[in-house]
Structures are given as C-alpha cells and as structure tokens.
Amino acid sequence: MIQSRPRTPLGYLPILLPAFALIAFYIVPFGSMVGMSFFHNLGGGAYEQVFTLENYARLVSPFFLSVLGTSFEVAFLVALFAIVIGFPFTYLLVNARRGTQVFWLIVMLSVLSLSEAIIGFAWSTLLSRTAGIGVLFEALGLTEKAQSYAPSLGAVLAGVTYIAMPYAVLLLYPILSRIEPDIEQASRTLGASPLRAFFNVIVPMHRTPIVVSFVMIFVFTLGSYLLPQILGRPTNWTLSVVISDQALLQSNMPFAAALSIFLMTVTILLVLLVTLINRKGAKA
Amino acid sequence: MSGLIVENVDKFYGNVQALSDISLTVDNGQFVCLLGPSGCGKTSLLRIVAGLEDPSAGRIVLDGSDITTTPAHKRDFGMVFQSLALFPHLTVGDNIAYPLAIRGVPKDKRRAEVERLLELVHLPGKADRAITQLSGGQRQRVAIARALIMQPKLFLLDEPMSALDAKLRETMQVEVKRLQRSLGVTSLLVTHDQREAMTTADLVVVMSEGKIQQVAPPIEIYRNPANAFVADFIGITNLIAGRIEGGRFEGPGGALALPGAKSGIATLSIRPEDIALAPQAGPDTLTGTVTFVRHLGATTEISVDTGNADEKDLTVSLPGRTHCPFEVGDTAHLSVDPASVVVLG
Amino acid sequence: MSGLIVENVDKFYGNVQALSDISLTVDNGQFVCLLGPSGCGKTSLLRIVAGLEDPSAGRIVLDGSDITTTPAHKRDFGMVFQSLALFPHLTVGDNIAYPLAIRGVPKDKRRAEVERLLELVHLPGKADRAITQLSGGQRQRVAIARALIMQPKLFLLDEPMSALDAKLRETMQVEVKRLQRSLGVTSLLVTHDQREAMTTADLVVVMSEGKIQQVAPPIEIYRNPANAFVADFIGITNLIAGRIEGGRFEGPGGALALPGAKSGIATLSIRPEDIALAPQAGPDTLTGTVTFVRHLGATTEISVDTGNADEKDLTVSLPGRTHCPFEVGDTAHLSVDPASVVVLG
Amino acid sequence: MKLGKILSTLFFWIVGIVTIAPFVVIAGVSVNERKSLTFPPEGFNLGWYGDLFLDPEWREPLLTSLTIAICASLLAVLIAFPVAWFNWRYRTGFGKLVAGLGAMPFLLPPVITAMGFLTFFIILGYYGEFWTVVVAHAIFLVTLPLVSLSLGFEDIDTSLVEASRSMGASEATVLRTVVMPMIRPYVISGFCFVFVISLNEYIIAVMTVGAVFETLPMKIFNALRYGYTPVMAAASVVFVASTVLIFSLVAAFSDLPKLLGARSK
Amino acid sequence: AGEPLKVGVYGGYFQDSFDSFVYPEFTKATGIEIESIAVPTGEAWLIQLQQAARAKRAPADVSMMATVSIMRGMRTGLWATLDEAAMPNVSNILPTLINRYDDGGLAAVGAVSWYITVATNTDSFPEPIGSWAELWEPKYADSLGLLALVSNSYLLEITAKTFFGGTDYLSSDETIREVLGKVAELKPNTRLWYRDEAQFEQALKSGEIPIGQYYHDVTGLAAADGFPVRSNFPKEGGLRESGNWAVAGVSEKIEEAQVFIDYMSQPSVQAMLARNLGTAPNVARESMDLTDEEFAAVSSEIAPVIPRYDLHFERTDWLNQIWAEMLQA
C-alpha cells in the first residue's frame, strides 16, 4: 500500500527525527566549517571570530594549485586503474559460480576492514627492496638486482588503487550482475568473439555506470591521506595531507577549513563537468 | 548431406541431465518447432545448436561438416532471444548493423542493408530510433532483422514471442512464418505454446524431460499422438484407461465399439470435440454425471464424471450454438466416432 | 439494500484518470468478474472496494452503509492477490491463521480453524509446511484459505490464477467457482482472461479505459456484445464495416442478407465459427483470397482477405475434422447465418 | 575462445593474488619471533595476539574502537531505518530529499567531512567528547544502511503489506508481523557494514576525539610512527578474521550477493 | 586526598616507562597518587586543554608538552603561574629549559630532553659520520631518511649551525630563505622524508635506507638489541629537543602538581630517567652520578643545536608554507 504521502502531518514524524539528525550533524557542521574558513587564525588552535578573506587569499598561490594538481593526478589515475582493473574483474566475478562470488566479495569486504595504516605498511613491505616484489623480480631474473619501489608515485598509486578496488567492485557488482547473459551471447551469435563482445557491447553499454563509478572513486580518492604520506615522496602528498596537517599539526583551523572548501568546490565543479560531458556523450 | 543433424546429444549441468540422447534431422528450408513443458530441455538443445553451450556427448553436423566444437561466433547463425537481447546503447539501425560492423563492412553498405532489413520487417525509416522508443512488437522485429542480416545458415528463436500479448503474438507468428517461407532459411523455434507451434512449424518436435517424444507435422501430432504425454500436452484430450476385447472397449462409464482394435489393456485418447451427446444410454455410450458446464461462447464445455481414473472428468466440447441440455448433477450419455479414437499402448 | 454498490466512482493518479464514473451493483452471493485489457482500471476498482486506495470521487456502499472512508483493515474483506502475497516467513498454517493471530484468537482455536480451511481447499495436513515447499496450485489454495478464514463479507480476487499454467488454471477456476457457490460469499474477481471470466462469473463487467462497457451474464456478453470493443475483446470476432439497405448488408468482399436490419451505416460482428464455406459465389456470400491457414487440431482457422478495413483479414473457423480445401492464395467464398450476426451501432 | 578464456582466467587470478598479497604480509609479520615487523617472518610466535587482548595498551583502544563501532552502527541504523521505511511507504519529495541528504556524507572526501565535524564540535565546545565520534561515524556512514535497507524494502512485495492490511492488521501490526521479519537481514547487513568501516576509520576519529581517546586504527598508526610491533599486524589479522566471519555468517544466513545489490537468482 | 593527580605524558613508550619507573617511586616518596594520562604529540592536546579550560575542566593537571606548544599555551594564559619557592629543585634545571611569562612568572619547566643525531646502518656504512655536512655529499644520493616537517626535523637550525655559523643566522626572511635553499640541496640525497619515526627505524634497521637523522636514544636501544645501527654526535652537535611540564590554569591541584615537578627536577631522578628511558638529563652533568658510558649513551659534551622555538612559535604558518613549498616543489 504505497501512498503518495501520509494522510496526516503526524505521519511525517518518523522521518523528521532522522532529518533533524542529518541537518544538525551534517548540514550544520558543514556550515560551521564554512564559517570557520572566514575566521582569523591566532595560532595554536586559537582563532578570532572576525570576518576575513585572508585564508582564501593565501590559497591562491602556485603552490596550492600544484598540490591540488597532484591530488587530482593521483585521484584520476587511481580511479582509472580501479575501473580498468575493477570492471573486467567484476564482470568475470558476476559470471562466476555463486560460491566463488561470495568468496571474493568477502575478500573485498575484508580489504575494507584493513586500516589504511596497515595497508600502507603492507604495501611498503611488498614494494621494498629487502622483502617485497623486488626479491621476487630478482629471483625471476626480471631485474639484475632487487630494487625498491617505494616511496614513489607508483607506490602511492598501487596502495590507493588497492583501497579503491573494493569500492569499485562493490559499486559495479550490482550493475554488472543485472546484465542479461543473453546480451553477451547475442553478440556472440552475431559473430563477435567473447573478448570483442566484452569491449564492443558490455563496456559501451555501461558507459554511464562506469563514469559514475569513476567519479565516485575519484572523489573518494581525493580524501586519501595516510597512504600518500606512507608510500609517497613529498611531491606526492595530496591536498588532504595538507588539510590534515593544518588541522592537526599546525592547528590552523580557519585555513584548514578554507582548504577543505577549496577542495570541495573544485571537486564538485569537476564532477558536474564530467556528468555534463557524459550526458552529452550519451545523447550523441 | 545437407541440413542440420543432431546426433545422440546428451547434456548435463552438474548432476542434472537436461538432455538425453537427442537425435534430430532438419532439412534445409524447414521450419522446426521444439515444443514441450517448462524445463524439458528445449533451450538447452537450441543453445547447443547455437554453440553457446557444449554438449556433454554427441555431435552437431551442418551441411555435412561437424560443427560441434565451432565457437558460436564462427557458426554464422542468427538467433533471437526470449529477452530479445537488443543492445540498449545502440540505435535500431546500429543494432541491426552490428554483425556487419564487427565484420568491418563499410558504413554506407551497412546503411543500405539496414534499410533493406527494416523494409522486410515492416519498420521502414526507424533506423535512427533508440530501442526504448519502440513498442514490444517493434523490438521483436528489430531482433529478427538483426538475426537475419547476415543471411544465416540457421535461424534460431528461443520463445521470442512469449513476452507479447495474445493478439500481437498471433500477428508476429504469422509474420515470422511468412518471412521464413519467403527467405527459405532453415529455422528452429523453441516454444511451449502449442498454438504457436501449430501455426508456424513444418515439423513439431515434442520434448519431455530431456527426451524427444514425437517428431511429426503439426496436424499429425494432434491426430495421431505417439503416446499419452503427447496426446495430453497437445490440445485438450480425454485419456480413458480400460480393456479392448474383440473390437470393443470397456472402461469406466461404459463401452465403445472399436472395430479392428488390438485386444488387451489400452488407453484411449479422445478429443473433446469428437464426443457427442447421445439421447439415451446404448451399447456404445459412456454414461456419467455432469459436474461442470462452461459456456465459453464459441463452444460449450461439459465435464462429465464417468468414474475415470484420478478423478479426471471427461470433457465434452459442443459447438457454440448447440443448446446444452444439462445442469450440474444431470446424467449424460456420450457417444464417440470410433474413427476419431486413438488407441495408445 | 443488501449487497455491494459502487456509486459514480472516479479515480485519478496524478493526472491519469484510471476510472471514470463507475457505477455497479453486486447482489449478495453473486460472483462478478471484472474483465478488460491491461490498464483499463480493473485493479484500481478492486483496490478501491478493498479500501487499499481512496476513490477520487464517488461512494462505496455495503449492505446499506457507506464504507468509502473505512480503512482496509476494518472492512473485513478477504482478498487474494495476483502475487498471492503469502508471507514467506510463516508456515502454511500460520499464513492461514494470520487474520486470527492478529486478532488474538487463542492458539488451539486457530489450529482448528486452519484445519477446517485446509480441508475446504483440499490441502489437509499441510499446516506445518513452509510456503516454499508447496507447488503453485497449492500456494493458490493457501491464499484462498487465508482470505476466507474470517468469513469475509466480500471475497476479492485480483488475477489470482494468472501465474499458473494453463491446465492448473482451469482446475483452479472450477474449484474457486464451486467453493464460492457452496459458501455463498459475494465475490469480485479481476481478470483479463475471458475464458476465466466465462467459467466463473454469474455476471461479467467488461471495462475499457476506465469505463464500464457492458454488464451481463457471460453467454450474453458473447452473443450480444454491446459494442465493437466488447465484441472484439470477448472471443475472436470479425468486424466488418459497411452499409445496410433494405435488409441487405453491402461491405468489402460482397453482400449478406440481413432481413429486418435497420438501414444505414453499420458494423457487423460475426464469430469465426458462424462463417461457413460456400461452394461458389452467390448473392449472399463474401469472397476473398486465402492468406493463411492454421491447422490447430480442434479447429482449422483460415484467414481470408476480403479487402476489409485496416487489412483485417476475416477469420473463419472450421471444426477440427473438416477438410480444409484451400491453400494460401486460393479464392474462398464465405456464407453467414444471418441469425448469428450482431449489428453494432 | 580458448585463448580468451585463458587470458581472462589469468587476469582474474592476478588481481585476486595481488588483492590477497597484503594479507599474507600482515599475517606473516604478525607471527614474528621478535618485536619487529620483518617479512618474511623470523621465527614463530603467537604471543602478539595475546598482547592484543591482554596488554591494556592494546586492549583499551580495541575496546574503544569496538564501543564506537557498535554505538555508531546502532545509531546509523536507527537514523537510516525510518528514512528507508518512509521512502518505501510514501512517495514524497521531502522523503527523497532526506534520503539524498543521507547519501551525501559518504560522497565527499572524508577529510572534508572530518573537518566539518572538527570545527563544529570545537565551536560547540564538545571537542573530544566520546559521543562526538559516535555521532560523526553514524552520520558519515549512514549511507550504508540507508542503501541496504532501501534495497531490502524494495524487495518486500508491497502486496504482502496490503494483504496483511486487508486481513485486519493496523499499520503497527503490519510493521511488527510482516515488515520486521522480512527486513531483518538488511538491518543486520547495514549494521555490519557500518560496524566494519567504523572499526577501521581513522581520519574522522582522529579529528573528533584523537586527543582524548585512542582507537585501534590510531593505535596502529601510532605504532607505525613510534615503534613497530607485530601486535598491530595481529590486530589487523583479528579484524580481517572477524570481518570474514561476520560476512560469512551473513552469507550463510542470507544472500550476500543480493545484499550487495545483485539481482536475485 | 581524594582525586589522584592527573599527569599526562606522550602515549606509548614514554607513558609505559613513566608508569613503571617514575610514578610508583613518586607516590612512595610523597604519598600523592597519580593517574596516568596519554598525551598525543602535535598540538591536538593543546586544543583539548584549551577546550577543557573554557569549560573549567582539566583533562590533566600536569602535562608534558613540546616547547612551542608551551609558548602557544602561554599566549592564551593557559598555564598556571608556578610558585618557584615551593619547588627548590627547579633551580637545578638548565636555564634554557625554563619558560616564563612576560611578567617573569614561571609557566613551564623542562622535563626531559632528547637528541636528534645522525644514524647509520653499520652494514652499509661501517664508519661513523663526523659532520652534518656529510649528508650533502653526492655519494649519498637517494639514501637519506630525513624528518619531513619543519617543526620536527629542525633542519633549518642544523643547517644554519653547520654552514652559516649558528642558529642566530636565522634572523630575517632573507637569511631563512638562504638556509632553506641549502636544505633544499638535500633533496636529491633524500630517499624518504619520514613523518613517522618507526617508518624510518624499520628502514634503517633493514638497510633499506642506510643513513639519516634520527633520535639518539632510540637508535641506541636498537643497537643494544643487536641491530646493525649506530648513532653518533656530529661535530656540530646533536639537535636537542625537550618536553616541558606545565600545569593547567584551571587545575585544582596546583600544589600537588608543584610537588611533582619539584620531584622530577631532582638530579637523581633525572639520572634515573637517563638510565631507564634513555633521555638526556636537564641538569648539569656534575650534579648526577652518571658514569661516562651512561652519559655518552644519552648525551654528549658537544654543544647541542638548540631549536629556534621563537621562530617556530611566531612564524608557524610562514615557516610551514616555505618549507612545504621547498619540499613539495
């Protein structure tokens, strides 16, 4: 018995409480952050509640733009890898037996249950000269001498992609599991090899979910903060690192808030742009 | 050796045997319907022919060459799926041209072919539509056009009409049949709708539980069912178990003259329309109590309890305008033309 | 004033008008079928009667009292849903006892009632089964038992049989009808299957696009359709538009004698079984080209193109054993018994 | 066809192995004989697992994290349930708006959400109070039960509700006798998702109560900063093991792929 | 006496050691019970104390804090002014480790100190490194581990002392930038700019990164455990950093707190800390009974490099900004 709306205003009661909770503890905090970004920093966690644009003025520098660039570069590449690896992986997964699916889904959920710090550690071990793939490559004769692959941009990308993978898989899983097997089979009876059917039909068919997942992983990755520190060189540190440093180490709350809003605004603009382009592309 | 030959095909899914020892020969240009209840293995057989599934045993031979291990995309068959499986991200034209596109046929050539096919399925000028802009019947036609554009050696259809409503389904059946006849393409249609099979097929293959029960032209299947399953599955029939002795059948409710019938225990299959009302009990009538009367308009169906096995009342079908003289509870006497009776094992 | 009265009911969903000015009287103990094509508003009407939906205008009166604003759970009706809506987390017995349980009836009393109902629907001893352990037909019976346990004032069924296969559906129809008759409960059944309506109903309500087209007993609906819509929707019919002049109808393909018919422009409705083959053209025959022949077994259907409007070929139905003398492309002459012709507006 | 099959199987397994490799490192490290994170491990010693539960150094953060995770997931489910229910029951713009609001926290980079909470609680003067992190986690993760409950409600055949209404059940009776039994697996899975992620969440916890309470992820991170110890690996192994256990149970008692949105088969 | 005295020191190794070596002895000596509180590094604790102060609560009565944090707290008058007369032992503490309000009131007293020196993996570099300047040599390309923050690596001070005659050189924007330019020359040599001690420690022990700046005491402990590592004081001196005791102004246990600080300032206690925690004592060498060996393990006679706390305090944002620009360029 689905109705368009409750018969009496009292019927709205159940949703008012959650609505209140979300507004009080999400919208208002958000607003307070916006407010904070206009305050004057006194240092040491103290600030003065006077209106100033100095935090934003400080933002406008080649330095922060380049850090932003780094953040976007990392996020873009990670989202790209996560989709390029995650999409075919998920596609193979949904076509696997039920038991296999459950196994890998649990593995993906287990990755979520690893703290970022420990993932950073595990990857720095995996990429180290003394105990990681360096040793493996040397043993296989791929490299002459064991090398270390961390810290580096590559290491950051590997680590963050690793964290993003479960999200990619969990985002794409419901969508790909809804594909009629008929679609792929139809393209095969029409003369496409399985590989071709995948690239020719399955991928273009999911253009929108792919773009949406890409954007979501992109945004999620923008927030990564521990891994760039653990696996990267200073040039790979993202804006999130700078924000948390400002907040936690320098105790410059107003500036940290301004940086957050800067990051968020640019992110939202970018997401809008991508959505717009996708919509245009889908129409064409 | 031209045509399609299915030789001793078995199919197992894990422990489930979906097909057992299926053999079938389809001549070029024939329209064959696989008919059977749900789960009898029709789709499995069709998919094995299409190359989408490997048989567990047996061979598939086409025009003399063994294609059992040829992958689906190299068989050059056209297939229409129950879900239609149209590509939602492509236009009507691009859907139909897909087989050409992946074979690298140039664009203008594709365009021309698409136009030709759209004419054929009565959808001229719809090439640039999105799939979502079409009605169910129109999508159906697009799927058919796409399957036919490569002039396939074999045209396979897996319950393509089952999602359509009754009137549209009938129209499409007639169209598919006409199209097939005009193109002369060998076709294999899966259905569980006997009316569809009767309408379209040159040859009906009745299957049950992974085995072929009978292969014959439609009217033959109706008139001379090979066994009780076929008799009961195709149309409505009355199965009456009894005993034949010296050209007379004795069963629940009475007796019937069956001159020349082999003596012994037998089951008769009698179609409802082959039973008539007798004015009174006679030596060759069945007698029972009327349990239900359906005034269906075109016919009136009367259920008569003659004490038949499994509480299966006999069904008698009277032509529409015939006055039904009975109420529930009345006693009815029934007579049967011996020529219309089929004696089963 | 006993029975159910629906008075001038309108129903809008947003801007969509699902029902317009529906009025209907159902006597106590009657079995009424709402019949009509998909989307005509049958379910909406039933749900308004059940109290699951509010009418946009109009009243519902039961046994003289207005129940338009009584909420569903206070109407004490029994309803069977298309999806059956059995609770998957409860056993068969608990499903049937649900209406009692939520009214706090003690356990042993519930148990006894459940047993009684299970007897009634021929499922004795199945109370402890899980719903998933039942077949489709058995689930159907459970749903019916659940709807009947409170001895409802009104028994409402929304296409309860549509998920069953053809044979089972027929069995269930007969059983529902028998049950209703023996309990004498006023019933309202929604269906789009005319065969189902003909089988079960005392009174058929034909609806189309939110309006009632005709209310009459089944055979009356078939024989005397009120308009072209009803004629075409119930059974197969041939609608032929033409002109009546001095007791003769002139239309595509020829002319027919219709003694006593009113002059003017008219559409005839002629059932396929009321058309016979004529040996040659005569003053009262229609002539056309055979376009398709279906050997359906019980009947043979011939499509004849007489140049009728909308490319609607005439359908002629010959009894099963009749030899069909035609091939596609032959010319056929058809004769019609004037008594069977219905002249529509 | 064969080559494609081999390639795809190979790809699947390479991704699988790389996904599992870090677990191997962590498990290996957790059994080092000496207090060092050497890989491959030197010697074998399960004592670090004992430390996790016995050493107050580790037990405290573990308990803190568990408490936060349990409270936060309860709260998140409590917030999400009425929203999901309401949106299933009614079609109102307001309901959709609230649901959209509920989806937002998870869609922004967590640092930003964390900053929001930090400034908010500082301004309010509750910075560092235990409940702030519970609220922050619940709000941040409310999206998860919202999604799983919405999927669950979508899955309840509305005719079941109508059937129960037509048999005389009031709104509350319907909720108790029909909706609750059917939605329970989704409530549990929503709870589990928040629980697992909250248990491992770092940045928001640090920004809200980092100065006062130490959660296990902070402890692990601090261990990483101020002295590697295999206990941190042991903690991770225990977490992974519990996650595997939790979701295996979920998979055993309901349909995990379906909970994750797969079409039911 | 009702509630125990709440004392906060850095969580982890520090807190452990205080719990086992210091507090029991203190309680035995004075009868004052202690509740041990873990304090995070960085400034989070300061914010916490400030928040609490507004609500007139004290999460800890006495806290150990970095010097810059002490100075920040002083600015908002967070710390109680201590009574020197009640704490005779405080006079033992080196004067540079005493923080006073502008009016001369005592705000904080040095608690413990530690050194940042040059640490090496002896498998890779058997010879000790004699001077900070060696870190700039091209032969160490891509092999150094350095602390990543301007506020914890103190590389500005170290560089100023090594190449520009002393930390006083950091007197103007220009000279600071000049020194920073010199620090930037370390970038090609630096493999890891680490934020987390242990991250480097692990790499140092395994030889993955064979050389870098590191905490003298920690390296010593690792060497004692048998790892192939060594820490030595360069000729320019190690960098000396310290933690300080300060008492929250809203504390109701100022007297007990002063007893505690006085106790901690005794040379014997300082010596005990040096032996058990490996910290550098804050009192004159002569006043303690440490052997030469014990002393060398935690400190050095070479004059230390002292951080320019004033600079870090007054120019926080600017220093961090130019540092980050240098590092991340």
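A, B, C, D and E label the chains in the order they appear, each numbered from 1.
Throughout what follows, contacts are C-beta pairs under 8 Å (C-beta built on N, C-alpha and C of every residue); 3 or more make two chains touch, one makes a residue touch a chain.
Predicted, not measured: the structure shown is a model, and the values here were computed from it.
Asker: Once chain B is fitted to chain C on CA atoms, what angle does the rotation have, in steps of 5 degrees?
Answerer: It works out to 180 degrees.
Asker: Ranking chain pairs by how many C-beta pairs touch, which one is first?
Answerer: Chains A-D share more contact pairs than any other pair.
Asker: With centres defined by CA atoms only, which chain is the most remote from chain C?
Answerer: It is E.
Asker: Just how far, in Å, is the C-alpha centre of chain D from the one of chain A?
Answerer: Each chain's C-alpha centroid was found; their separation is 17 Å.
Asker: Could you please state the distance in Å, as a whole number, between where the Cα atoms of chain C are centred and where those of chain E are centred?
Answerer: Centres of chain C and chain E (C-alpha means) sit 90 Å apart.
Asker: When the centre of a chain is set as the mean of its C-alpha atoms, what distance in Å lies between chain D and chain E?
Answerer: 38
Asker: Between chain B and chain C, what is the gap in Å from one C-alpha centre to the other?
Answerer: Centre separation, chain B to chain C: 26 Å.
Asker: Which residue numbers or ranges of chain A touch two or more of the other chains?
Answerer: In chain A, the residues touching two or more other chains are 1, 131, 193-194, 230, 248.
Asker: Please set out, as single numbers or ranges, the residues of chain E touching at least two other chains.
Answerer: Where chain E meets two or more other chains at a single residue, that happens at 44, 47, 195-196, 199, 206.
Asker: Which positions in chain D are in touch with at least two other chains?
Answerer: Within chain D, residues 1, 37-38, 122, 162, 165, 210, 221, 224 contact more than one other chain.
Asker: For a test of understanding, state which residues of chain D touch chain E in their complex under the given definition.
Answerer: Counting only chain D, the residues touching chain E are 36-38, 57, 122, 125, 127-128, 210-212, 214, 221-228.
Asker: List the residues on chain A that touch chain D in their complex, please.
Answerer: Touching chain D from chain A are residues 1-6, 11-12, 14-15, 17-19, 21-23, 25-30, 32-33, 35-36, 85, 88-89, 92-94, 98, 101-102, 104-123, 125-126, 131, 162, 165, 170, 173-175, 177-178, 193-195, 216, 219-220, 222-223, 225-226, 230, 240, 243-244, 247-248, 253, 256-257, 260, 263-264, 267.
Asker: Residue numbers of chain B touching chain A in their complex, please.
Answerer: 50-52, 71-79, 81-85, 87-89, 98-99, 102-103, 146-147, 150, 156
Asker: For chain C, which residues are in contact with chain B within the complex?
Answerer: Of all residues in chain C, those touching chain B are 38, 165, 174, 177-178, 195, 198-199, 218-219, 222-223, 234-236, 271-274, 292, 294-298, 303, 317, 319-321, 340.
Asker: Chain A touches which residues of chain D in the complex?
Answerer: It is residues 1, 4-5, 7-8, 11-12, 15-16, 18-23, 25-26, 29, 37-40, 79-80, 82-83, 85-86, 88-92, 94-95, 98, 101-102, 104-105, 107-112, 114-123, 135-136, 139, 142, 158, 161-162, 165, 196-197, 199-200, 202-203, 206-207, 210, 216-217, 220-221, 224, 232-233, 236, 239-240, 242-244, 247-248, 251, 256-257, 260-263, 265 of chain D that touch chain A.
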